[in-house]
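One chain, subunit A, appears in both complexes that follow, with subunit B as partner in the first and subunit C in the second.
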Partner chain A sequence: MSDMDMDDGSGVVKKFMFLNRKAPHGTVYALEGLEVVLITAAFDQDVSLVFTDDGVYQLMKGMDTKGIEVKDFSKTYRALEGYDIEKLYVDSTSLKARGLTEEDLIVDVTVLSDDEMKNLMAEQDVVISF
Partner chain B sequence: MLHIVNKSATERSTLDSCLRLATKGSAVLLIEDAVYAATKGSAAAAKIQAAQADLKIYALGPDLAARGMAGRVLDGVNVVDYGGFVDLVAEHSNCQSWL
Partner chain C sequence: MQFGILINEGPYNHQASDSAYLFARTAIEKGHKVPRVFFYHDGVNNSTNKSEPPQDDRNVTQRWSKLAEEHGIDLVVCVAAALRRGIKDDILAPGFRISGLGQLVEMGIQYDRLVTFGD
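== the complex of A and B ==
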């Protein structure tokens, strides 16, 4: 790749990982992280969305947020495909530690082992954590 | 004493501290991200079950529902609504919010 291409920035596709580690609703991180992911989709980058630790709770089926009067943004995860964000990964260790399985999640994901997680993380150009 | 915990037990140590320092007969109300501790299969489930011998454990229903956890509550945990929250505060002479 020439220096011109780098300066210009057009056509450069980087590998972006968004690492979601927080439960929804209790803090604003999950919702804000999702907003940033949607913005990034407009720039045609190679985006991976990863859920680990309490972040796996963001994908729980059957949320009913009426009682706490906040937006239920969990359905937005199902719309990500329409923004060409199709790489959704969930950390197996985090799921198991919370008594959850893939069937409890609102979207289709790829469940990764610790080794698969660390390799995926190592190959990224940019990792942004929420 | 009514103890109120609002942070996830897999992110902060407030639940551990609360359970360690609450006197026998006290009530512990789990709200916001702390409700995950009262769900089956969670890392904190065993701690909650052990604590039930000495403490009364409550969890806020609307926070469980918002997190998709309403159907996963541990046996013996009392689910309360906002009215029940108010009753708990009124019934106890003092309360402590673990931040």
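== the complex of A and C ==
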């Protein structure tokens, strides 16, 4: 179920990976990146989301943006399932380096080793990095 | 080969637009096609006709316009990112147009490669 269904007319379905590498706030990449993810799903493409480096902070529980007076868009990650975006991966090394575990994250993810991540990337047709 | 290009950074502050321009020009010289360039995030700031760099510097926007005219490249600026940053149709340089993110996704679907320039 998505708000809009789009089609480029070709019927081609490609594997799109979105690589989220930045902290949720401080720059606009995470917020604007999510827009592309949702539109890609609306085109019925095969979407995977990867959180790596500071990107793992995008999924942290207990986000509160009142103090910095910017929009808290972390709810959107919980809504991804409604857009048929169910492939969420987190890089194990990035998680460990920041003292985090799956328990600290607001959504269910698959944690991948460096090798598993490398293989997943190799399978993709399009990798877009934010 | 058909290349789609995504530019995520504004001009001058960051090299992304310069590198993308050199990549596009070289790809075309080598016989490849660059049908579309998509400008997102601060990359939308590459599109305005208000930019006046010093005369001894390159004009990032003008050379995109020129390359687009010579080779029929579609220069697409994301509407949501543009509106956030005060960019509208009336200040677009030649060859640029404002449209939606679907134009970016289409590049991924239709072209052989999508190349991102940014941080």
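Assume the second predicted complex is superposed on the first by the 121 of 130 C-alpha atoms of A that agree within 3 Å, B and C clash if a C-alpha of one lies under 4 Å from a C-alpha of the other, contacts with A are read in each partner's own complex, and residues count from 1 in each chain.
By our rule, a contact is a pair of C-beta atoms (placed from the backbone, for glycine too) under 8 Å apart; a residue touches a chain by one contact, two chains touch by 3 or more.
In this text, all values refer to a predicted model and were calculated from it rather than measured experimentally.
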Going by the contact rule set out at the top, does A:P24 touch subunit B (first), subunit C (second), both, or neither? first
For A:M60, decide between first (touching subunit B), second (touching subunit C), both and neither. first
Quick check for you: in the superposed arrangement, does A:L100 touch first (subunit B), second (subunit C), both or neither? first
Looking at A:T40, would you say it contacts subunit B, subunit C, both, or neither? Reply first, second, both or neither. second
Does subunit B (first) or subunit C (second) touch A:A79, or do both, or does neither? neither
Looking at the overlay, what does A:I68 touch: subunit B (first), subunit C (second), both, or neither? first
Would you tell me which residues of subunit A are touching subunit C in their complex? 6, 8, 10, 12, 14, 16, 28-29, 32, 35-36, 39-40, 42-43, 45, 125-126, 128-130
Going by the contact rule set out above, which residues of subunit A touch subunit B in the complex? 22-27, 53-54, 57, 60-68, 70, 72, 74, 97-100, 104
Inside the complex, what are the residues of subunit C that reach subunit A? 6, 8, 40-42, 80-81, 100-102, 104-106, 108-110, 114, 116, 118-119
Touching residues (chain side subunit B, partner subunit A) in the complex: 6-8, 10-11, 32-33, 36, 39-43, 45, 61-63, 65-72, 81
